[in-house]
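Below: one structure, written as structure tokens.
For clarity, chains are labelled A, B, C and D in written order, and residue numbers in each chain start from 1.
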């Protein structure tokens, strides 16, 4: 079983771009400092909301290099090594390790069609080839494969996986996974990526969360985690209620689909809050403008963030 | 509108691997020679069945370099530049152009969620950044986005796209696309990737086909194309009927999903026919063994290919 | 194997409603006469576009009774017996037989989750319990189950099924089914429901078509069928091209989803053409109004139907 | 806003069949008594696991009549009025009201394609036509439409809906719905149908649950509800943990899909526990046999239920 354990709040860090599509290092540094100051327990770079699939390998390396430099060992650094199939993922992993990643986060293979046999073999190969703890990233909305909880628990018990980052939207499977993990001696660090229902995930037995919305409001997620550890579930729910009001930055805009409205909302909020210098998006996505920006400003104002 | 036109049979070339997962160049050369000798009109490398998403960038470059060398300008070389989002696809495209590609084949962005606005912008950026004809590769089973025929026709008329490689499984959309393309002066070269219904696609007005099964039996597809050009539809259908019998190499195996059973069937057939030295698959996929190999051998024997 | 054979054009008849949601018998009679006069080979009532799932059992009986009366044995009458699971479908079938149906059309079970075992058992039970030829209606967009061609061919050979009405949108499966049916001695009458690609289906070997658009323009489909029988494929394609122009009544409207835009277009066209007295839709669907009606009028005018 | 309120545990009652497919009234009576004795707060008949779509109208009436007679006003009786489209659902509702239903449970329209406009209109019409409280049944796995939480909350505030029975598997949407319902003054009684994560749903603010597994072990669900009301979340989780071990009756069988393995597990457990006289299933589904029965017996034994 893996020695690497993590718990608490591990935000998936949003990446700021300059108008000419470079990495905006000063903005990036401000966001990382904001998160560490708020008391987060780790940081996850190059996740789905961390522009991983929009970034060339050169850009990915730059993100990792700057992240490792800025974080400077204050919290563990998890790096997403998202790519289509095994050999490509291995390459992403080797570069991330060389640049200082503490743990790696990999999805099931995607694009080519396969089944559970290939998925399990994929994670076994990654474990053999990469000298770092591996987290399975369960995100069927992007990779179109759901990771079975029985397979995940088994790979945890065998030491192939160190943890799971669950963005599957399947709370039943998540609960079975937590329960089975407990019965096996808790080999896996299990983190939920669903920022809206972190309260339920904690009650299910999750070890922590990877909430995108923590980019905007980390303090609430940190308080929620402390309340959960203290068994104060009324407080856990109250924090979640408050965070969910802020989360309406996702649904007050119009005419945007997917990344443009989701990560776009984070970037626009961080820009309005003075953390980012702009809300620039990676090509081919356009930055929010006009009424959509104002709608987000109103949510932030109504919730005391501006 | 693009100057690049292609018609006829353009097989998506399967890539042979050695047991230690290197490119098996002698086998690759035998297959390419077999296809050109049969009279194909072009070759498509690094398509979905050409191991593109399983290949590191270094391996992709090797495939393109060897393909360009072996083909040696006898037919046009199309190269798949499959990657998740725009900047990464541009990089794949620049390398392919530098190595001698005649045209490039790109899918919609995938992994990150988006909508038609991002898809159209993606193709426009590719056209601006890449100095080669661009084919849109419509393959929702892999990228989970269907390319709308109205958008494709418009991008053809504007010269953004040179053609479409349709693996969408949507014959209605395909037929509307062909009909609209005709009304616009035929800017797009439209190729179907559905090897089982090439006859219907030709009747719909397709300019050609990209049949995976042509790796195994190119002569039949070449004859079918000639019959279609001659307006001999009874012969077109008869050729398709015969090819479909061979296509049962896809469904006589058991216990295999997706790539393992599809491209695995091509590789196993080519191995049994003496074209490939093995039926090795890329990691994490396992090569067919035992009864599955024998089932494929029987189909080939029954259809006179062994 | 079933004695019931049918071929040619078998329109799925659209049902007119009065403003107070009664069956509009005079309009219904005008449409049926129009179709028979045009030379169709059969009529399919209570199909998906025949308001079957919107109709109470009493209304269904009225539709069948009036249809049988009006048709008066001039062509065969097929009746859709669409309901969720086996016992309910049997009841629909018994009533339809009692009212004079020549053949019955049944989907896979729906709503409850199941698999191929239940689907096959369902059709076997229907055959045992219902004394009429049974057509399998393959319409996964509505019932969320695709009927496998191997199962359909087997049930045809065993005499369980008399035919297949394919609205699956899977032209590959359709072609395999036609080819296997031929090898088995043609037990099944295979009809395509995809009005836009009837030409390809005929080339694949279909016995006929069930084109919704034939409600609006039956003559074109009748000519296409005759051209197909004569082997004049250029004419087949030309007829399909012309019909597809008319089919843009489906996509010139805006703000409508599903039935409202599809069957709504047929009803609006028939109303504009004077066949129906209104374009009333069944609850909860609203009738088209304003600009949408005008958009359909323009398509009809541009194509010489007004 | 509706006067009808319900909270607590409301099992969806499984229906026993005799070997010749009649309603097994003595078994039905034993199950209902078992549930009421355990302290449930209501009973839901003719839900998805209550054989509603397998039952003819005559059988549905028999189930409602017997249920009303046996329950005899000891707890509220909710009746599923599941049918394809509005007019048919109205008929189901009128008959259920006449037979004594306290509240009705209706899904979105299904089979015909539509959109949110039709769904909202459907519920409005049901409210107008049916003189009983209406619960919206959100079960996209069966009807392939997800009910939006904003629409549900609005229809609650307007008094169109009395409650929601959520089997959507979307815990994010569920949590937003509970939170919005609270802000609107709690017009809706919100019940979760996901028996495995009732703990999280209660923390989210659910008013109760509709757990299929409560057919087998109602006492645990009753204790969990009381613990939730007392704010004893450690106990809530412990009860859920224990119930989830019993829930493995769903996944210890093999070769079964959907209803056969789900409701089949309930029926087999109730048979082994002596509540039902058999585990007969409705056509076309087969009853579990052999090793599958033994696997379920083992789960029950291991968890002290035998």
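Just so we're on the same page, a contact is a pair of C-beta atoms (placed from the backbone, for glycine too) under 8 Å apart; a residue touches a chain by one contact, two chains touch by 3 or more.
These numbers were taken from a predicted model, which means no experiment stands behind them.
Both chain A and chain B are touched by no common chain. At the far end from chain D, in terms of centres built from Cα atoms, lies B. Homomeric contact chain B/chain C is classed as same-residue, with over half of its interface positions used by both copies.
Averaged C-alpha coordinates give centres for chain A and chain D that are 35 Å from one another. Our note on geometry: chain A versus chain C, Cα centroid distance of 49 Å, whole angstroms. In chain D, no residue touches two or more other chains. Taken together, the chains touch in the following pairs: A-B, A-D, B-C, C-D. Interface residues of chain B, counted against chain C in their complex, comprise 169-172, 175-176, 179, 194, 196-197, 199-201, 203-205, 231, 233-234, 236-237, 240-241, 244. Residues 21, 48, 53-57, 59, 82-88, 91, 109-115, 117-119, 121-122, 125, 141-144, 257-260, 262, 282-286 of chain C are the ones touching chain D in the complex.
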